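Please read through the structure below; I'll follow up with questions.
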Amino acid sequence: MRKFSLSVLSEVFAEIAKNATLYIPATDNAGGAKFTKWAEGVEYLETLNTVKSPKDFFFPHTEDLMEFKVTGKNIELFDIREESEDFVVFGVRACDVKSFDILDRVFLVDPVDTYYASRREHGVIISLACTRPAETCFCGTFDIDPATPAGDISAWKTEDSIYLEANTAKGEALLAKLDVLTEECDTEAVETQQEKIRKIMDKLPLKDLTTDSFGGGKTLDLFNSEKWAELSESCLGCGTCTFVCPTCQCYDIKDFNTGNGVIRYRCWDSCMFSEFTKMAHGNSRLSQLERFRQRFMHKLVYYPENNEGIFSCVGCGRCLSKCPISMNIVKVMKALGGEK
Amino acid sequence: MQRIGVFVCWCGSNIAGTVDVHTVAEALKSEPGVVFSTDYQYMCSQAGQDIIKNAIKEHNLTGIVVCSCSPRMHEATFRKTAAAAGINPYMVEIANIREQCSWVHKDMQTGTEKAIILGKAAVAKVNLNTPLTPGESPVTKRALVIGGGIAGIQTALDIADAGFPVDIVETKPTIGGKMAQLDKTFPTLDCAACILTPKMVDVAQNENIRIFSYSEVQEIKGFVGNFDVTIKKRARFVKEEICTGCGACVEKCPMKKIPNEFNLGMDNRHAIYIPFAQAVPKVATIDPNACNMLKKGKCGICSKVCSAGAIDYTQKDEFISEKYGAIVVATGFNPISMEKFDEYAYSQSKDVITSLEFERLTNAAGPTAGKLLRPSDLKHPHTIVFVQCVGSRCAACAEKGKEYCSKICCMYTAKHAMLVRDKYPDTEVYVFYIDVRTPGKNFDEFYRRAVEEYGVKYVKGMVGKVTPEGDKLKVQASDLIANKQLHIDADLVVLAAAIEPDKSARPLATMLTASMDTNDFFTEAHPKLRPVESPTAGVFLSGACQGPKDIPETVSQASAAASKVIGLLVKDKLTGNPCVASPNELMCNGCSTCERVCPYGAITYEDKEFMMPDRSKAIRRVAQVNPAVCQGCGACTVACMSGAMDLRGFMGSQIIAEVDAICK
Amino acid sequence: MQVNEYKPLIVAFCCNWCSYAGADLAGNNRLAYPADVKIIRVPCSCRVNPMFILRAFQRGADGVIICGCHPGDCHYTSGNYYTRRRMALLFSMLDYLGIERERTRLEWVSAAEGAKFAATMNDFVEKVTALGENKRLEDLRCKR
Amino acid sequence: MQKITRDVLVNKAVSLLEAGEVKAVLGWGKGEFSYDVTPTVFESADELRENFVWNDFCGANFSKYLVSKTRKIQGKILVFLKPCDTYSFNQLLTEHRFDREKVYAVGVPCEGMADIAKVKALAGDGISAIDFTDAGLVVTTLYDDEPKTITYADALAERCVNCKSKKHVAYDELLGESGEVLESARFDEVEKIEAMTADERFAFWQGELSRCIRCNACRDVCPACTCEKCVFDNPNSGAENKAPATSFEEQMFHIIRAFHVAGRCTDCGECSRVCPQNIPLHLLNRKFIRDIDNFYGEYQAGAEVGSRAPLVDYNLDDLEASDVFDRRDTE
C-alpha cells in the first residue's frame, strides 16, 4: 500500500494528467457533484455521490457510431468514432465501481461492443472508500463493501492522506508513475477507517433490505404480482431513474441527417419512455405499468437469471434521491417482500 | 418514393441570362427522388407543357418541380398541365428562379448556385407532397337574413328577386327597423315612411320571402352552404295567418297604459297592439307582461271582438328548423344609453331627449302628431340646443361612451336643425359640435344650407353641463372659436347619442363563429376588398352591424351583400381549397387552442372513443376541421402544441424539408 | 483561388399574399438583394412555427426573417397578429438565452412594397454579415 | 409547518370515501424517509389512515394526474389541491383536459413547502429523521449526535419563497382558509439575467442547460404538458430525440418546451422541483410570463377557467416584435 499527503494532491493530479485525461468529482455549480476534467484550478469535491454516475466514461449518453452518405444508388460508409484517449477517473465509490462489472457482462460478451471495450481498455479507475454514505445508500444489500472499493486502484482518504492499493496491471502501472509522490505505508489507518465505515453501515435506514425474494427463477411469481399496478400508479414515465442509474444500459440507435450525410449514433434510452423498444410492429410494452415493471424485473430477476445471480443494482441511491415522485427500487423491493 | 421530374425554364433570357439552366437541371438530377431533369426555353408555352406531359408518361412521374417564374404567375398553369397528364395537380411545386433569383441577382455563378438550392428545396418538398382533392359540398339554395330593418329588407328583396327563397327573422312584431321610426331623411328630406313602407309591402308580397317576425335565431349549426338554423317564433297569441290587422282588438283592449316602444315610451299603447299603421306583417301582438287574460286569466275582450277568431291565448313559442346556404347579418344598431351622461341631465329632465326621440316628436305619426312640443309640458320650445357626439369619439370616457365616430349624427342633426327652423322660424337652434363631418353626396351642401339658409347656430365646442331650472334648461357650453363660455336658457336639449351594435349581435356572432371587433361590430373578411363578407364563410354583413352607416350606405351594402349571397346560392356545389388544416386525432388534446385562433370557426370538437396506447379505451375530445370553411392560413398548426394539426400542402414536414434543403 | 469572403445563410419565410408577392415585385423591378436570402413560401406568416426557425439555425442558417402582411391587411384577417405575438415572445426568449438579437427579424412587407422587400433584405444581410457565423444556435454535426 | 393537520385531511377523505361520494383519493403517500412523498391513489380508508402524509414535503401538484385518473377511475376522484395547484387545475379545465364532474376538489391551505436540497445543504447528508416542530424542521443525521433545527424559512423552496398566491381559485370544498394573491419577487432573477450582456446570458444558460440529461422529468411533471403525444416523442415532428446530442438540442428542447407552455404555464414550479440537475427551468417560464405581462397586460394562467391565453389572442396595437428590445433597452 502506498500513500501520499493531501498537501500534494494537486501534484498527484498533475502527474496523472500528464499522460491521461483525469476526471475528478467537482462541483456542478448547482449544488451537486459531477466528474469533471481536471485542470489547474478545478477543485476536488468531497462529495463522491455524483448526480450522474461514472458510467458515462465507458457508455456515454450519446455516441456517434458511423456516418454514411447516399448519392444516387451509392452508399459510402465512414468510421467516425473518436480514438479513445487514455483517461483516469478518480474518486469512484465502491457501488459505482461495481456497476462497471455489471455493464461489462452486457457489453463485453460476444458480440463485444467495441466502442465500450475500447473505452474500458483506455480507462483507469481509482476508486475511493465511501466515508459518508447517505440515508439513501443500500450497497450492503448487494454485498458491496464501501470500505473496500474495487477498481484498478483502490483508495482511501483520511484527514491528511490518501492511501492507494493497486488491484490490476493497469493500476500497478499508474501507481508506478506516482512513485516519487507517494510512499510505501502500512494498512493501519485504512483499517481504522474501514471499521468506522462499517459502523455507519449498521446505522443506515435501509440496512435490512435483502434480495432474498429476487433473483433468477422468480419471474412468474414477481411478474404477475398485483403490486405493480399500485407501485407504478403515479410514475410520470420520465427517464430520471434510468439516466442517473449506474447500471442501466439500454440504448437506442438513431440516424441524424445532417444534410450532408447521415450520422448513426446511439443514445441512452429509458424503459420508462413511452417509445421504448418501439418497433415497426408497434410497442411491446403498452402501459406505464409494463414499462415500470420491466425496469425492476430486469434489475432484480432477468439480469441475475442470466448472470450467475448478480443483481444489476448496486444500491447507490441515486434514483431514491432524484425520482420526481419518490418511487424507487427500495419501495419496489419492500413491496415485493424484500425486507428482513 | 416519388418519381420526380424537374423542368427548368429559361424564360428566354429572363432566367437563362443570369442562371445557367443546364447546370441547374444537371445538378438537380442527383437529388433524391428525381428521375428526370431537363430545361427548355419557355416551359409555360404549349411546347413546354408538352415536354412535361410527355415526361410524366414516359418516366411515370409522380411529382413535378418546375423551376421558373413565380408560382403566383404559373402555378395554376403547371397544375393543369400535370392534371391533363394524369397526375394530381397538387403534386406540382414551383421553384421561383425568376422573380426571386435571376431578376435580383446579376452574377451568373451566384444566380446558378441559388437556383440550384431553390430547386433542391422544391424537390425536397415534392418528395413529401401528397395528392390533394378539393372537397365538395352541396349548397342549400335558401338564405337567412337576420334583422328586418332597411338593411335586411333590401338584402332580402335583392336575393328574392334573383329567384332564391329568403327568410327574414326579426325580433320585433314588425319589420322596418330604425328607419320606420324616422321622420325625414337627409339629404333629400323625403319622408322615411314614404320610401320605406312600399319596400316593406314588397317584402310581404314577395313569394320568395318569408317573414318570421317577433322571432329570434335560437341555434346555428353547420357551415357555408349548409347551415342548420333553429328559429324561435315567440308566441304572439294571435294567429298570424288569420289576423287581418283590422285593429278592433286594439281599440277595445282595456290595458292602455303600456309604454309604447315604437315611440320610445313617449306615449302609450295597449296590451294588444300593432306597432304602427304600416306594420308588416300587419298583425296584432299581445304583450304577455301586460295582458290581464294571460297574466290572470281574466278579460278576454280581444278574443270576443275579433271577428276573424285570430286570438289564441294558448299559443306557445314555436321552433322552426330550416336549412340555409347563406346567412346575412343585419342586426343594426341602437343609440347608447344616456343614463351615464349625467352632465346632460337626461335622467333628470323630460326635455332632454335623444335624437331618435326627436324624430318621433317631429313625425306625423308620432306621439305629438308631428307637432314639435316638448315632452314635459307639451309647449312649443323656442330655444333648442343640439349636442353632437354624445358618447361618440369619446376616447377618454370609454366606460360610458364609444371611441369611434357614429357617422350619422352630423347629418341628422343638420336635418333636425333645418326642419325646426323651417317649420318654426321663431325657434333659436344651436348645434354644438367637435367637427362637422359631411362626406357624402350632397351632404356638405345640405349642412351649409342649414347654416346659411336656415340660420342654425353652429358652435364649435362642447356642452359642459345642462341644469334644469324651472321650465328652462340651463346650458353651459364653450365656444372654442370665440374662446368664450356660453350660457343658454334652452327649452329642449337634443343629444346626438352614439350608436352601438344591437345587443343581440354578440350572442349571434358566437353562434355564427363570426368575429367581432372590440366594439361588437362584425368584422369584415377584408376591410377593403371583402367588406360585406364575414371571415366566416357563408356569413355576410349588411348595414350597421358592421359599423355605423347612413341609409344610402346601408342600402348599397345590403345590395352588395345580396349579390354575394346570390353568387353563392347560384352554385350547386362548393369546391373548397384542398390546402386546409387537418388534425391527427390520435395526437389531438381537444384543448380548444386551435379553435380559439381560427378566424373562420372552421374547428369544432367531437367526443370520440379511442384505443389508447395502453389498449384501454377512452372517450376523448378531438378537433374536427370543416374543409369547406377552413381557408388554410395555418394559425392553428402553430397554436397546436402536440403538432396534431397540420396544414395540407404546407405540412410541417414539408417546410422543414425545405429549410433543410436550403441550409444544406 | 477566390477570396473566401464570409457569406451568411439567410432563410426568409414569406406569406403568400403580401410578402412573397412583394418579393416578386422586387424581382419585377430588378431591385437587387444578396443571393444569400432564400425564400420559403408559406400561406400566412402565422404558419411559421418557432420550430422551423430553430431548425434553420440548427442546420446552419445565420439569420431567419419572417415577412407577413402589414397588421390589418392579413389575407386571413388575423394571422399576422398571432405571428406578431409569437415572434415577439420567441425573439425575446432567444435574446434572453444570449442569442444575438439581429439574427431574427419580423417584417411587414406588402405586395406593393418591392422596394421595401429588397431594402429589408439588404439591411438584414448586412446586419447578419456583421455578426458573422451563427455559433450560439448551431448544431456542429450539420457543419462538418 | 403546515397549519392544517394531517388528520383534518384524512378525516375528510375517509368520510367522503366511506360515504361513497368519491371512489378514490389522490393524495400524498408516505415514503421511506421523512421527506420522500409519493403521489398516491388511495382507495380505502385503511390505506389513507396508514399511508397518507401531509407535511412540508408535500410539494407534488396532482392536477396533471386528473387527466389520466379521471379516464381510468369510475366515479368521482377526490383531489387535494394547494393554492398553486388550483391554478393548474383551472388551466387544465380551460383546455378541456378532464371532466370536472368526475372530480371532487378539496382545497388545502399551504404555508409553503420545504426543499430537501436546502435542508441537506444546511444539515448535511445522511438524514435519518425529520421532525416538524414549531421551531422548525428538527433534522437528525447519521453523522451528528445532536439534531439540527432548521427554520421553515431557511428550508422554504424557491417557488414558495416567491409564492404568487395563497388563494384557491378552484375547489368544491375548502379545508381551513384560503389566502390572497401575493406580491412576490418572482421576477427578480429574470431581471438579473436580462440585465446581463448577451455574452453573459449565453454563458449562464449554457452552464445551466449543459447539465440537462433529457430525462424529460420537467415535461412529464408539468401540468401544462399533457399532450397525448409530445412533439419530442414524435419521430415525425422533426424535434424528436431521446438525448441532447449537442448543445443545440439542449437549447431547442427547452426553448420549445417553454414556448409551448407560454401563456399556459401557471408558474407552479414543478419543473424546477423535479429537475435532477437543478436547472432553474422556472426562469425560462417566468421570462415568458414577465414578457406577456409587460407586452400584453398582466395575465395569470389558470386564474379563471376559460380565459383566453395571450398567445391565442391579440390586440390591433400590440407591440411589434422589433420593439421588444427597444422597450427593454430604454427601461
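So that you can tell them apart, the chains are marked A, B, C and D in the order they are listed, and the count of residues begins at 1 in each.
Here is the rule we use: a residue touches a chain if its C-beta (ideal position, glycine included) is under 8 Å from a C-beta of that chain, and two chains touch if they have at least 3 such contacts.
Predicted model only: the values in this text are computed from it and were never measured.
Undergrad: Which pair wins on C-beta contacts, A-B or A-D?
TA: Of A-B and A-D, more C-beta pairs in contact link A-D.
Undergrad: Distance from the CA centroid of chain A to that of chain B, rounded to the nearest Å?
TA: Using C-alpha averages as centres, the distance is 68 Å.
Undergrad: Averaged over CA atoms, how far is the centre of chain A from the centre of chain D? Could you give it in whole Å?
TA: 30
Undergrad: Which whole number of Å gives the spacing of the CA centres of chain A and chain C?
TA: 46
Undergrad: What's the distance between the Cα centroids of chain C and chain D, rounded to whole Å?
TA: A distance of 36 Å separates the two centres.
Undergrad: Can you list the residues of chain C that touch 2 or more other chains?
TA: Counting only residues that touch two or more other chains, chain C contributes 50-51, 55, 59-60, 72, 78, 82, 86, 139, 141-142.
Undergrad: For chain D, which residues are shared contacts with two or more other chains?
TA: 231, 237-238, 245, 311-313
Undergrad: Mind pulling the chain A residues that touch 2 or more other chains?
TA: 256, 259-260, 274
Undergrad: Counting only chain pairs that touch, give me the topology of the graph as line, ring, star, complete or other.
TA: Chain contacts: complete, every pair touches.
Undergrad: Provide the residue numbers of chain D that touch chain B in the complex, in ascending order.
TA: That would be residues 71-72, 94-97, 226-231, 234, 236-238, 260, 308-309, 311-313 of chain D.
Undergrad: State the interface residues of chain B toward chain A in the complex, per the touch definition above.
TA: By the definition above, chain B touches chain A via 30, 32, 613-616, 660-661, 663-664.
Undergrad: For a test of understanding, state which residues of chain D touch chain C in their complex under the given definition.
TA: Counting only chain D, the residues touching chain C are 193-194, 198-206, 231, 237-239, 245-246, 248-249, 251-252, 255-256, 258-259, 262, 284, 287-288, 291-292, 295-296, 310-316, 318-322, 324-325, 328.
Undergrad: Within their complex, state which residues of chain C touch chain B.
TA: That would be residues 9, 11, 16, 20-21, 23-28, 30-33, 35, 38-44, 46-52, 55-56, 59-61, 72, 74-79, 82, 86, 118, 142 of chain C.
Undergrad: Note which residues of chain A are touching chain B in the complex, please.
TA: 70-72, 257, 259-260, 274, 283, 286-289
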